[in-house]
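Shared between the two complexes below is subunit A, which pairs with subunit B and subunit C, respectively.
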Partner chain A sequence: MSEEEKKDYAESPINLEYHYTAGSATTRFLNQVKEGKIVGQSCPKCSAVYVPPRGSCPRCGVATNIEVPLTDKGCIESFTIVHIPIPGNPIVPPYVCAMIRLDGANISFLHLIQGIDVEEIRIGMRIQAVWKPKDEWTHSLENIKWFAPIDEPDVDVATLRFQES
Partner chain B sequence: MKKVAIVGYAQHPILENAGALNEVELIMPVVHQLFDELGISQNNIDFTCSGSCDYLQGAAFAFVEGLSAIQTNPPIKESHVEMDAAWAMYESMLKIQMGDADTALIYGFGKSSPGRLDSIISLQMDPYYISPLWPDRVSLAAIQARVLLEKNIITPEQMITAVIEARTNSKNNKNALVTELVDKEAYLASEKISSPLNEFDCPPISDGSSAMIIASEEKAYDFTDQPIFIEGIDHRIESSNIGSRDLSKPSGILASIEHLKLEKTKFDVAELHTQFSHEVPYLQSVLKLSDVPTNLSGGPLVGNVMMCAGLDAIGKTYESLKSNDLINGLAHASSGPCLQHNMLVHLEKKS
Partner chain C sequence: MIQAGVIGVGQTKYDAKRRDVSMGGLVREAIDNAMLAANVEWDAIDAVILGKAPDMFEGVVMPELYLADAIGAVGKPVLRVHTAGSVGGSTGVIAATHVCSGQFKTVLTVTFEKQSESNATWALSPRYPYSPHINAGAGGYFAPFIREYIRRYDAPEHIGWKVAVKDRLNALKNPLAHLHIPGIDEKMVSDTPMLWEPLRYLESCPSSDGACAMVITSKDLVGSRDVAWIKGMAVRSEGTLSAGRDEVNPQAGIDCAKDIYDQAGITNPYKEIDCAEIYVPFSWYEPMWLENLGFCDLGDGWKLTDKDATAIDGEIPFNMSGGVMSSNPIGASGMIRFGEAALQVMGKANDHQVEDAKVAMGHAYGGAAQFFAMWIVSSSLD
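Let's turn to the complex of A and B:
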């Protein structure tokens, strides 16, 4: 072995394989997403609506057993402008990742914003899902390509805070 | 030392594969069952502590998700051990001793079905420096079984008896996973997985969860008129380097026996966290339990939820004392390969 080839470390990749299960509540949600519907679940105690639902209300510790159909409209709760390219990611920077708060939901989820100059994006902005063609729908929120602005007045940020019921 | 008692325990039916039920959906029913039985809520709990293993779920900080099963508003004091929930009980016990809490909820959960348990436990337990050595749990257990057999500390007959009794006792345990009886012929006809262990000598892959509530003496009677007191609790760990251990000398357990002054205690019942058949006669001899009904629940050989089975040994001892005319119980929890880390819990029912 030549001087250049000497290494002072050894590579030892390891991996474990799992059969991941989403949970019965998230399974109900994903089955609806496959049909192009967004159905949140609400807490029987505090009425908070979760989307995507994980099976429990983490405030009350009870199962979210009430299905709540939601629209694909909402507002931007928070966002970040991504300037750094991520290897393998086909989206060209700058682009925006935003926390999307759907109308009627009490929590937000992460998704992309497109269809607007990144400098114009702001918290409270109204947006709506842009879906992939129906024949591409799977059990994933990736059925939504991104969210795009709609011509509605901004939401007052104060109203996004959780209201004790 | 402050007196602390177990006031409640609940166990999810042990499943071979919980399928679509995620960890939160496994924990919620047992915690609610416990609260409902005692007529209380999370508001009655000062401290919450869980035991689980992120490697089982295959995600960093996966245990945090487990908290979604618990009411966390108003904010709660909580902690977690990356161990069997028996150690979550130990931490809760310390919390009560320190005067920071009077009541504690303990829960453990684990799904072994999604991954390859041999690899997962190896990664959690293998104290490697450069690269995992991948010793699997059954092969490690087999090394200890071989040592114990060759030194005549246990006999093959005792291993068969342990298996047959575990299956017979599973009828006492409504949550047992494996209930099919085994006879000597079937045992002897079974192929070795890792000699001298065959499939009957090893615990079943299990999914499940358990929960327990403990309380200081002053608070215990608010929950139940028959609390079961933790008279003594002690745990000791031996070297993580298996080669430096004498696998036939349980130095940690012997130290705990001495510390807890158990030499003269006459136990009425014992539940041992014995995952492999050879561990049953071995620990029975170390703990001098030859005349003591042991593993009446069937023990881990009929259902072995990782990160719960130790807490379950304590819980099953609690249930035995509670529902029978018995006074002293011994529970044992274990962690690590070849009974590396052991906890002894002396439970007592006050008359």
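Let's turn to the complex of A and C:
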């Protein structure tokens, strides 16, 4: 940077720390995650299953008060391979960021895919969670290190779209 | 409802770093240009509506308060709008709604982003509580939807390159555009590094500093000025993490477009709209929005792009100014679309003017593709 450029601006770092209040629905979910279990919540009106649950169904505007135990298996709804470093992000690229659709869930969440050559990853591929050692489990989906492929036939993702019955 | 029109559009020069001006200087540059174009003085302005994307993009919280003097809002009502990337569009709708309400005769609206003052990709990639830290900016979020679009409709990869080239060639006709890349072609685009597969560097929008302003007035005050009449306008949103949501073809986009077409009496947008400035921050969003906005059937968007229908001399020109792909001061990017649509029907788009444009569309989307803002402007009230 030249001396000339230095004259007309100044670095002014700011920090933001916050204390996240999970709320009752997410607290129930995270307490199960701490035990290595994934428990979605379903809408009493349209029956859609949300994981992670955020406490209400955006379709119906009602509390998702029905607990739905899920497995840690599902499929890749879609994915990207991130090739550039993201400021503040500790994961070294390239990495695969995938929309994970667990069996029985009606929305997906983002997580990592590993254990396969990136060229072979495809939409609809079956995957399962690879968990960290039990003594490292906390109230976080980071208890899952990543999802890895399993030897099951691909899913037609068109069939995943939630339709109210 | 009062009929309203745009009588002045003002823009800054867009660039990676506008270090020659402060944030206040940047918005004022756009405002001065808009008021000059509109031929109005400060005493004619009844309210000022400011829009911008998240405050984290610069690190200045509630800039509408600090900017009140620079935007001429002292002693007048001031309102700040925020709907993520769609904010430039929704701010235009809010400003026009003020006029249409009859409570305000003439409203000044301005939107901006000064991305060089911080890092928007950092701001969009926080570590969420109880989740792995894998957020990778806007491109990282949208790339899986684009991949699904390509899979669903078996679209060939050169479509993305083609949009990237077309928008940058249009930008060469717009002296205000941030990116000017003479000689750009599909090979140049396809040779650039992959950022978020399947998106390459030149298939992505830049980070820009810039501002856009408009003066909107009621029919009785237009006088002999050039005017873009607002024939339809709407905003819509939808749940981000909602069961049944189709991120490739969001329902809120479909509904928002239908609303403005109904207001403007448009039944066939492909035939009745002369040109459109559509929010395309990543190349593949052109074919995706062609379909979402009803310009063609599902799966046919990439075919329209492929046969040059969206070129400046095509059947439905998209982003004659170079679009978001060529200039992206995020908070302003939607208003640039709205303002450029107005310039087209006023016949004031200079070298990127579509010949005889009478009806134009402006469009913006934002957030997780769940906020939409759109309008139709026309050269005549009939």
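In this text, the second predicted complex is superposed on the first by the 143 of 165 C-alpha atoms of A that agree within 3 Å, B and C clash if a C-alpha of one lies under 4 Å from a C-alpha of the other, contacts with A are read in each partner's own complex, and residues count from 1 in each chain.
Rule of thumb we're sticking to: a residue touches a chain if its C-beta (ideal position, glycine included) is under 8 Å from a C-beta of that chain, and two chains touch if they have at least 3 such contacts.
Fair warning: this is a prediction, and the values are worked out from it, not measured in the lab.
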A:12 in the overlay: touching subunit B, subunit C, both, or neither? Say first, second, both or neither.
both
Thinking of the overlay built on chain A, is A:63 touched by subunit B (first), by subunit C (second), by both, or by neither?
first
Thinking of the overlay built on chain A, is A:39 touched by subunit B (first), by subunit C (second), by both, or by neither?
neither
Which superposed partner A:54 touches (first subunit B, second subunit C, both, neither)
both
Looking at the overlay, what does A:95 touch: subunit B (first), subunit C (second), both, or neither?
second
For A:23, using the defined touch cut-off, is the partner it touches subunit B, subunit C, both, or neither? Pick first, second, both or neither.
first
If you stack the two complexes on chain A, which partner ends up touching A:130: first (subunit B), second (subunit C), both, or neither?
neither
Quick one: name whichever of subunit B and subunit C touches more residues of subunit A.
C
Do subunit B and subunit C land on any of the same subunit A residues, and which?
12, 14, 16, 20, 22, 26, 46, 54, 58-59
Considering the complex alone, what residue numbers of subunit B touch subunit A?
18-22, 24-25, 28, 31-32, 42, 55, 57-58, 65, 67-73, 113-116, 119-120, 123, 130-132
Residue numbers of subunit C touching subunit A in their complex, please.
19-20, 56, 59, 119, 121-122, 125-127, 129-137, 139-140, 143-145, 147-148, 151-152, 193-199, 238-246
Residues on subunit A engaged by subunit B in the complex (per definition of touch)
10, 12, 14, 16-27, 46, 54-56, 58-63
Over in the complex, which subunit A residues touch subunit C? Could you list them?
5, 8-9, 12, 14, 16, 20, 22, 26, 30, 33, 43, 46, 48-50, 52, 54, 57-59, 77-84, 86-91, 95, 97-99, 106-107, 109-112, 123, 139-142, 144, 157-158, 161-164
